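Have a look at this one before I ask anything.
As written, the chain order gives the labels A, B and C, with residue 1 at the start of each chain.
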Amino acid sequence: MLLEARDVEVTYPRQDAPALRDFDLQVDERAAIGIVGESGSGKTTLGRALIGALAPTKGEVLVRGKPWSEVGRRDPLRRSVQMIFQDPYSSLNPHLTARQTVGEVIRHWHRVGRHAASRRAADLLADVGLPAAAIDRRPGRLSGGQCQRVGIARALACEPQVLVADEPTSSLDVSVQAQILNLLRSLRETHRLALVIISHDLGVVRYLTDSAVVMYAGEAVERGPTDVLFARPKHPYTRKLLDAIPGQTSAGAAQPPSAAPLAAQPRETHAGRK
Amino acid sequence: MTAALLEVRDLAIEIAGWEPVVDVSFDVAAGECVAVVGETGSGKTLTCRAVTGLLQRRGGKAVRGSAHFDGVDLLELSDRQWQALRGRRISFIPQTSMSGLDPIMRIRNQLQETIRVIAPQDDPKQRMRELLELVHMPRPEQVLALYPHELSGGMRQRIMIAFALVGRPQLIVADEPTTALDVTLQRNILQLLKELQHETSMSLILVTHDLGVVEEVADSVAIMYAGRVVESGRAATVLREPLHPYTRALLAARPFAAGRDQELAAIGGQPPGAGDHVGGCPFSPRCSIAVGACSENVPPFTPVVDRPDHRVACWRAGKDADDAA
Amino acid sequence: MRSRRNSFGSLRGWPLSRWVGVVLLGSIVLACIVMPEVWSSSTDAISLPLKGPSFDHPFGTDTVGRDVFVRTFAGGRIDLALTFVVVATSVVIGTLIGTVAGASRRRSIDVVAMRVVDAIIAFPFIVLVLGLVVVIGPTVRWGFIPPGLPSTALALIFISWAFYARIARAEALSLRDRDYVVAARTLGLSPARIVTRHLMPSTVRVCTAFAVGHTVVVVGIVAALAFLGSGVQQPTPEWGSIMYEGASLLQIAWWITVMPGVLLVLSGLSLSLIADSLLDRGIHDR
């Protein structure tokens, strides 16, 4: 198993309630798992915990059986799980060009000289569809979709086995979203990756993943194969999510409106929640 | 046929030496919900600002065209004249709800102040209660005592709508009112807007990038690309039988539109940026059915045969990739 | 769309205020370098004392009869060079320490560094400078550098770096949780690399913007120190000491104090204009 979360709980300092609770997840080779949730569901916290950027308050996240706390900076396991971030612009160093951003990672892990790294970076950027003219530009002069491609190339430069994508297309224009989704899908094949897609957009999850976990208020409320989840949702929250998708032709299979009503606006609580 | 409440004709806006909005025309009838759909650079936000008199603050000005609201050309109004109109007959709900609220005043005080200024004939306390009820605010008494940062996103949006309703406007312009909200809240807010429309026969211009939202609440739709309207008509018609390649591409690019094992029909390239000059039809570089003529001349925005409500700006409207020119 | 708040227009991408500042400062620097070399009188040449501005002596003469014009510009060399050295060195030291303190995961490094910074900033500044100058030795001279300068420079650097450290630390703290810094850590890049390539480009930029404004203050302090007798020693000309000389003679020989004063003000003004224009641009950088 590539990546595993066991009983993970995360409580932020100065908060009473945990942002994430009792969470388990197993990511195998070439799996494609979706984490579905809205704001406050704990999905962002989960993403950070999965890549080892956040230490859980309880439980642990293991990379090939080794907890993140034991993985040193130079440990080859450090490379195996990488992330694509939501905001394409703030996920890149504004002072570095696309080539430098990717080249830096290549130099670090593959111990090659500056020129070789630079050439490899250019190749990798071409692989992810960045036009040649854009390779030597800084993020300020790239479009959102292009920045996201650079972020993907940077992650791929580590030759990871798991790619965690935190809302990879939410900040992009609709006409560009499909490009990035196609890219992620094809990369999964060509680079033999496992994908963990965190998104509130059910369309994205449906398209990219084989199985999914639905999150609400820090807990997993339902999980299962993606098509089953969409066709026969069991938990009232899952049904509510599916219903809420605007437009008739959107939801996969027709579902009768949720029979079990939830309390009116249960999440419109003020104060407290991050 | 009665004149529409708002008639925009051939609007062109200039900012910093170039024209991000050109030849925009659409109508809004009384009680109608018109969706304006577009992505980055489509000009939809600027068009909204032109119609609410907020262009100058962005450094823009309307250089051509007209926007007749109940007989008055909005583009000709001075700032002073706009004071009388804005908030009273035309209201605006901005995209980021936080920036519309004073962070150091409680909701109650802000709302009261607004009521006193815009609707002095009303009793503030009474009107506040009415407004909060109209927007289905849970626990209104508690909410009134809060500061803006203490509200959740959904509640803030409801408050913004309440503010917009103070003057009993005839037209509300909402710029992506649900984009920053969770899906489940989105539905509630959209339903709320629809309900308000019916109850008060208010017109609504809804700016969005989500075609699902259009399907859900809009009566008519205007699709914008690179500063021009490329297709417009009754929402149901346009979504069911889109004629412009961009509209078709948008519909096809939605993740739900593809089967699990197919590639999504992505649109290559990206929308033109500020100052990018495209000859002829602005969509031609990315269009799957473009031919030579498309990049030379801008197609006129004309009604479709047999369907006067449905207009398209395309030399090859309705054709597929394998059709002959 | 970003709006450019630009009061007076711009030329070739630079706002007018920046052009004015650069041209003005450039002229002053040029004059300080060139004038003492090409001028007819030298800084020590004696002529008729306390004479007003004339063709031979555009800024008049001082109590001993030396030409104020050439002394002003020769003095400018010292003031400006000293200021530049002090500010540049403080920025480098302060930014480095501040960035490392802000970025470090070990709280101990941050705490220690910041307590030192706090101590320096909290101390009454003039007392500290004077104390340091005394300790280092006011008449120490290093090679061709006039006596009094090394101690002044060291004392000012010792105080100034602390301000930059604070600024750099604040910026580093806010950048730590930016996605691209989290990414750098996730990608396994070394802490040194993260500090130098991912944090310092931003922290240095912030500190430099502040530095240009700070230079205005340092120029004034260097001159003021002469009033307290601990700056540059006689007979080396320097704006502050020249102004001090003429302070009691304002009624009869105003030019001795006013002329260097005008140059001091113009230098400060040009630096301010440049600083302001950089700050404006900084806001609009993505």
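Here, a residue touches a chain if its C-beta (ideal position, glycine included) is under 8 Å from a C-beta of that chain, and two chains touch if they have at least 3 such contacts.
Everything quoted here is computed from the prediction, not taken from an experiment.
Here the chain pair with the top count of touching C-beta pairs is A-B.
The most distant chain from chain A is C, comparing centres defined as mean Cα coordinates. Centre-to-centre separation between chain A and chain C, using Cα means, comes to 48 Å.
Centre-to-centre spacing of chain A and chain B amounts to 31 Å, using the average Cα coordinate of each chain. If each chain is reduced to the centroid of its CA atoms, chain B and chain C end up 53 Å from each other. Of all the residues in chain B, the ones that touch chain A in their complex are 39-40, 138, 142-143, 146, 150-155, 182-188, 190, 209-217, 249-250, 253-258, 260, 263-268, 270-271, 273, 286. Interface of chain A with chain C (complex): residues 48, 51-53, 73-74, 78-79, 81-83, 85-87, 89-96, 104-105, 108-109, 139-140, 151, 154-155, 158.
Within the complex, the chain C residues that touch chain A are 178-180, 182-190, 193, 197-198, 201-202, 285-286. The residues of chain A lying in touch with chain B in their complex are 38-39, 143-146, 173-179, 181-182, 185, 200-204, 206-207, 227, 240-241, 243-252, 264-265, 267-271, 273.
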